[in-house]
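The first chain written gets the first letter, and so on, giving A, B and C; residue counts start at 1 in each chain.
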Amino acid sequence: MDHAAAAWTSLQAIREGAPLVHAITNQVAMEVVANSLLAVGASPVMAIAEEEVDDVVADAAVLVVNIGTPTRDRLAAMRRAATRAAALKRPWVLDPVGAGATPYRTRAAQALMAAGPTVIRANASEVLALSGDPSAPARGVDSLHGSDQAVDAATRLALQSGAVVAVTGEIDRITDGRRWCEVSNGDPRMTRVTALGCALSAVLGAFLAVEPDPFLAASQALGVFGLAGEWAAAASAGPGSLRWQIIDHLALLDEAALHGGLRIS
Amino acid sequence: MDHAAAAWTSLQAIREGAPLVHAITNQVAMEVVANSLLAVGASPVMAIAEEEVDDVVADAAVLVVNIGTPTRDRLAAMRRAATRAAALKRPWVLDPVGAGATPYRTRAAQALMAAGPTVIRANASEVLALSGDPSAPARGVDSLHGSDQAVDAATRLALQSGAVVAVTGEIDRITDGRRWCEVSNGDPRMTRVTALGCALSAVLGAFLAVEPDPFLAASQALGVFGLAGEWAAAASAGPGSLRWQIIDHLALLDEAALHGGLRIS
Amino acid sequence: MDHAAAAWTSLQAIREGAPLVHAITNQVAMEVVANSLLAVGASPVMAIAEEEVDDVVADAAVLVVNIGTPTRDRLAAMRRAATRAAALKRPWVLDPVGAGATPYRTRAAQALMAAGPTVIRANASEVLALSGDPSAPARGVDSLHGSDQAVDAATRLALQSGAVVAVTGEIDRITDGRRWCEVSNGDPRMTRVTALGCALSAVLGAFLAVEPDPFLAASQALGVFGLAGEWAAAASAGPGSLRWQIIDHLALLDEAALHGGLRIS
């Protein structure tokens, strides 16, 4: 399959359709998540109150749930929104930030797993924690593992949950339990900017709104986001410029850039 | 009247007096709101706790209330702050983000209306929803209507509430129920950056601190903010750069720029 | 002592060790705090829930607590985290944003003082309020005093609390009650960007993770952050660019820059 052509078709569909993406994300990430969604052409709605998420999920094409900076109220809204999305058969993304780092986060992620996410976007340590690997250590919200160390765990997690699992790292690995795909776009300097992983999960939500196969949607989103990051890093003196350059490049990517730069295999 | 001269007088007064503007805004917007206020020369205070808003409103020249990402606690603080502002006869701005999009937001906006805002800054769909138009549809937090479709609703809302109503869109329309004014500054690319409408509402608050006629304050603020957006858009490759360029240009606008660029009629 | 050599040693140690810094900061500042920590080479974790702060503090090298935009839940998490840090003898920084501006904030800051901060980073008005000066006025979250007016109060506060007190302003003054140090890095334009003081407090936390003497750690952090601000201001047309330039320059500062530019005495 021509991944670049398919990714370009999806990106065009997002830009033309401006799908409504409901993102319940962490307090550090809200601004860059909203601006990343706008930059790819989607329409973000960032509602976080349990009182209104039923209505917002019903209006939205996709839900994205990110458990960074969890609080009681925020998690309650997330559970309700995820349950609603499942009931309406809306695709939804789970970003289990810091699962394994504290018992509170691990439990929060597990409770959300019960609602059946369409895609789980996580780093290797988080995937190990979610798959029930009791030896998985964690340190803050950064991964201590390469994505290659989470291959078995990702397969197991995908088969158990029915979700596509996208393990991001130097090389991103995506599986639905049967198929595997690798994406090697991105730049290591992206790890020095906070919440770009959260922004990626939200952009993945936008791709889910236009590409019915979540395995393909995930690989396209990871490739496109990573490619924008490469262009941004090349144009940046440091992490302060990278942060706004990636928003510019998400908006500027064209067909030639995708054909020349996507590394999805 | 010479709108540019009056706007320049107001902007100078903000830069010299650094009025304290208390903004209770949504979690996506807090940073760009604070930086926009600083950029025009005002002094932001972003207190959100019901326990301290009485004291903060009493110290501030103006209050700005924005219901995006509403939560129970935040809305309680907003109602208390608005009630306090009304009791102290402090001018205050209501930005009813997403009114009409969910019943929760519509009720929140209506409850705040009871405290008598000085200015309502909203898009056309929000004005239709607030004016009680039962047919007004909404989709997320973006308007589905042009500002021209909200002319009757804005007039009705202004007369009912006693507030100046500023309906922003491709052309901004401002009314106190008797007078009308149009502002055609701004650039469509501003809609691809999150929370710039929230930042505009806060900047409008700064103008209310120095211009006693809220109808004039609103038109000046919309012109100045839109003009900064035009300069920013002209200097930007994409929405990532536009976001910081507009902060730069809010700080850099001078008398010549206002005389040459404001389109208020 | 050669302050520049010592500051360079600390900065290298942060970049090599990537110490985990747990920052519970205000909602306006979260993004710039996380990105400032990443820019100097530290690893931020921004957990805010009372339910998980015990675990996060235990993993982290340093805790940073900032009371801006206080809420009941956030303050409860801060008190718990500070108490835990004290029990584990982890160094921790208190940034008492707006102490003196409202009784709610003053009480919040005093309650946290009971847990024995390692360093208090504050402006002059906040130091006066914390030292119990009953005449200390305040206006919003900006200082009405120069750091020279808080010399006696800072000494008293340091002796009473056992903390190093870093009073920032045009000239920063740092004391542990016996020693005094002045840092004259920085640029006045930094005051026109929101939350840079909060970012500085967090960066100070990173220095505490590698420099055992908190008096030296504070002076180094203030010098390095101020120097990055000078470079950023020189490269910026306005406050919008200054905000990302300072993140770039925190990451780019090298040994020569520190030797040529630090003004610590």
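Remarks
Keep this in mind: contacts are C-beta pairs under 8 Å (C-beta built on N, C-alpha and C of every residue); 3 or more make two chains touch, one makes a residue touch a chain.
If you're wondering where the values come from, they're calculated on a predicted model, not measured in any experiment.
Homomeric contact chain B/chain C is classed as different-residue, with under half of its interface positions used by both copies. Chain A maps onto chain C through a rotation of 120 degrees [Cα fit, steps of 5, range 0 to 180]. If each chain is reduced to the centroid of its CA atoms, chain B and chain C end up 33 Å from each other.
Contact with two or more other chains is made by residues 27, 31, 243-244 of chain B. Residues 20, 27, 30-31, 34-35, 38-39, 43-49, 51-52, 55-56, 59-60, 73, 243-252 of chain B touch chain C in their complex. Those residues of chain B that touch chain A in the shared complex are 26-29, 31-32, 68-72, 98, 101-105, 139-142, 192-195, 236-241, 243-244.
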